[in-house]
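Next come two complexes, and both contain subunit A; in the first it sits with subunit B, in the second with subunit C.
This part shows the complex of A and B:
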């Protein structure tokens, strides 16, 4: 086996699209990408070592899962796009009669074909072994993932990824200098903890200081344009700057909040709720990666019934979707005393140690700023 | 459009068969004809035809919605939103301190939640707002109608008569002081009978009726397009007793919240909800928190908590996207919700909190 390329963490490999007009599926962040360099499958793959990550490559089935169903069952069950039905014209050499014979023996999709033993199939369907091997080779080349080595990946990332500053130094420090495009940041917090304020502040800062377009999707009715105006006005005094309208690509997507629309679908006897939530997650990540957007999502918290602690809503499945999670809390417990101080702590991050906290001031007319002389940072 | 099969409205058994046969997106299904589909999956031709029709309808309606009708997605720039917001009015509460704290009054297109212990004035505030929304525009109101949904049975018509009479008198005083033409014209329609006839009252006895009423509200509102306020007095009451399945309750409440948000946005009205308080027992102390749990806290955009402090009623703005958190005192008088009057200077300079217009409070009900 050749040496594994050390892929950098953060984004899955940018394999060129092979399978026709399929849209790429979203891979999870931090895919180890540890695939062997060789592309062509060798005969007798039973002894070959399989790729470690049963990740979902862009719209294709991993070539090496064909070796044996027992060794690598997960990729066969991965969603959808791997299960392409065999039909005539899928590749040269695959004729309609062949398809009929294969179907009669229970081989309907590409995955079935590739993972079956060709000698048996040749005998049962009375097709020529050579023809079957040729077809399989073409199918594999057409549908398999194309590995890319770590150095190329790094070069591509350096040229395509951007880091958007959030406008607040303390928040930037928490997020390792800002929002990374192609990734999803989740803000969670109790009601009144300031999630909408942080979103508005980031939107104001990105659209004003960085002159990028922002798409704000609001599902709670919390978007107040006058507050946004206050935030923009605190950054600049000129009227023209506040109103300038730029035509250009959107660079920041803010969804406030995703759990308000997904929560009614989950639980109970509704089985599609989870599927819809995962489809939403996939769309978000595909958008983030394809268009190079930085995505900010807001989530609610619920109280854990056993321990009484606050935990993020939407469950464990959703917790794999964002790459960075920040929890917002009030600095004082009781609601009796009004304060504009909030503590933001890092709960999940691919770059920083978790548990870092910074203090933010979301009130008044200023941007998100740390309190002067704040000693609230802990490592 | 590449829509996943999981998101289309198909029967689970049918979906399982489709996935087993290798279909994953709506696009693939639409390429196949009904005969081939029935052969591949093993269902009858009529079923295959039906399924394809359903899918085609879904995809077409999506295309129409995204392509042809941008208003359905409600996409607009922040500048347009700002202009809309600045042109919008507020529903005033007649308590100027409270109005200032809220930024002018109860905002339209947002959900405001009012929480408080029993007897602190939540229903009074709802009734006051239901009257205030009808104030004519020349006096600074919205000239709208009100929908009042009552689950606790605490709506008293006699009290509304008192409040409305005081409001009409207030406007008459303004009209006499300013002597403008449209004031007098407006006062002809703004009378006690007018106010009462423009308040639509619904009584719901349990959560099913409440849910049904709120889901049917859009139809009602499209007939009565002048409604500018929907008040639900007691949203906690039907959900707090007799509910074994708490996750069902959370789901119902979330769905309710989303429905109210969409009503508030589509018809440009203010939604007011009243909530009860419950005790959360911590390690060393217990605190009063709004009822219905953490997840309900996210439903309301603006949260107002009414509480007592030594015989004085206070209102705290706990959650708001545009205003700062603060606390103001108020009082409930025979005329309705009013500001706390500063004590007249002839009294002793102790700064005592007794003031003549305050309704006396019984001692043993103190928190």
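This part shows the complex of A and C:
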């Protein structure tokens, strides 16, 4: 299964500023530190900006959700909200008098109604048993999830699943030929290990080579439009191809970084922060599955107190969310020198044995490629 | 009154003698599901509720794929030819991985045979514990009308734990209310339709080293060895008949990278074994 290139050209929805201040064709300036950082991208979200410090945790999560709804206007699933109070018009056959009688006997929500013994209810409320059974059937059909047959699911997935190449052969090798739609990939690493560079490179590659739309959500201010422009310019010389506006279905979602948004929520009143984090995880996975997106998130690392190994931040509950995890580290031999070599190792994968390592060069203008002459080592 | 009660005894309860026999016979054929997994007698019986517990990446979902293929493969391919209901609460299920495993296990894997096998699997996605409860109610009909549907898999039953805790406020009872209702109904389903249930729970709590916890864990010797701290409601703890702990060996110098400790809860009987995961699935 290979990635499908749609006919519409794509660009990261934070459209990079037109290079009005530089002559086209001039060489790109050195990016390390000399370039002013772009402001947080507006990305057509009508002003919804994600704060770095989550002063209003609920606000930032819902800004995200509303952002995704703006971009994906398909009707979202409504079946999850089932703590519904019975009211007239909820379903055909549920009249106001019925509701009054039920309320008088302690049945207020959908769950109460469905879990009660209908024969008893018919007697106590003096309602028609047949009518109650009919209402129960309709409510169940409306609020519960439908089972799907495995063969039908397979057919559906065969046509809708795609693998997006990241643009780098070594990273593709690590990920078993690329980013799978419907799954979440987590890139973790210490500050400065190259997570944002890898995300930018993947975004540039998917939007240019595969012509798919990318939604880049930046919560740290690390998104540099000029760096993105360099990456895109290295792939094509034509300016029209570089700056293309397109509205269409998004295929890749990049969140850099999710731990910057979630970490401030954890550690206080334990369960509320964790609940928000799990709700966020649920939305991410639902988006990925229902809309066929490939998702990339970045995360910090902490040191395990007992063993001293690096482990991902955000705790155990988050560790069940991504299906693939890649750790980025600096190469050993880069003591004191600014080096652009990084080592990516596979920590968790549903398809491949863990422990595979490849080398990446994040400083180049090309796609992340191995150093000439060095090959990926495997454990 | 008795007629009304007979009518109201759930839909689909009126079945013919042939259906009844088919139901009982179809549901007793889980005997050779997986001898390595169970601590005694080597087969799950009807009414068994088996909990898979372990941290991430320890092979629980792979083991579920292995069990599903054992169930849905035709008898000629070495399977049990029974139907499976899979309830997925965190969008974890990967049908393509299942198809890869099926292709490796079937002698001649044509598209037709794969589709036939997959036709025995039903998948449901749930978004909240309330929806899980209502889905269990609506699935009751399916269990009544399909005699060969004898295995129910819940991956994972602990996915809504934090969200429920936060929704319930300060009151423990409110927090656990939905889960208790789900467990109660699950118990009814298991008892009336003679199902076997496999459910995964995630290790999201660290094992506490306080004295209160350690005196509890001494009751079950297997739990003292593994990183297990029960956090779901009491009614779930009481429903489980087998508990299987998964862990990943850090230094897999030999090829077996994962290990399991299987405990029968009532008899306190412990069995250990290890397995590895390859392209073709779980290998013991």
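Everything that follows uses one rule, which is that the second predicted complex is superposed on the first by the 254 of 379 C-alpha atoms of A that agree within 3 Å, B and C clash if a C-alpha of one lies under 4 Å from a C-alpha of the other, contacts with A are read in each partner's own complex, and residues count from 1 in each chain.
By definition in this document, a residue touches a chain if its C-beta (ideal position, glycine included) is under 8 Å from a C-beta of that chain, and two chains touch if they have at least 3 such contacts.
Given the structure is predicted, the values throughout are model-derived calculations rather than measurements.
Judged by the touch definition given at the top, the superposed model places A:340 against subunit B, while subunit C stays out of reach. When the two structures are aligned on the shared chain, A:285 is found in touch with subunit C, with no touch to subunit B. By the touch criterion defined above, A:264 reaches subunit B but does not reach subunit C.
Of the two partner chains, subunit B is the only one that A:191 touches; subunit C does not reach it.
By the document's definition of touching, of the two partners only subunit C reaches A:317; subunit B does not. Once the two complexes are laid over each other on the shared chain, residue contacts for A:351 go to subunit C alone; subunit B is not touched.
In the superposition on chain A, subunit A positions 79-81, 83, 271-272, 275-276, 278-279 are in contact with subunit B in one complex as well as with subunit C in the other. Partner subunit A is touched in their complex by these residues of subunit C: 4-5, 8, 55-57, 61, 72, 85, 90-92, 94-99, 114-128, 130-131, 133-135, 137-139, 142, 156, 159, 162-163, 165-167, 181, 185, 202-206. Every residue of subunit A that touches subunit B in the complex is listed here, in rising order: 23, 79-81, 83-85, 108-109, 190-192, 196-197, 200, 216, 219-230, 243, 245, 257, 259-261, 263-264, 266-268, 271-272, 275-276, 278-279, 300-303, 310, 313, 334-336, 338-340, 363-364. Only residues 77, 79-83, 110-111, 114-115, 117-119, 129, 140-141, 143-151, 153-154, 157, 161, 182, 271-272, 274-279, 282, 285-286, 288-289, 316-317, 319-321, 323, 348, 350-351, 354 of subunit A touch subunit C when the two sit together in their complex.
For subunit B in complex with subunit A, the touching residues are 2, 4-7, 12, 19, 21-25, 28, 40, 77-79, 81-82, 84-86, 109-111, 247-248, 250-251, 254-255, 257-258, 261, 264-265, 287, 289, 293-295, 297-301, 303, 305, 316-319, 321-322, 324-327.
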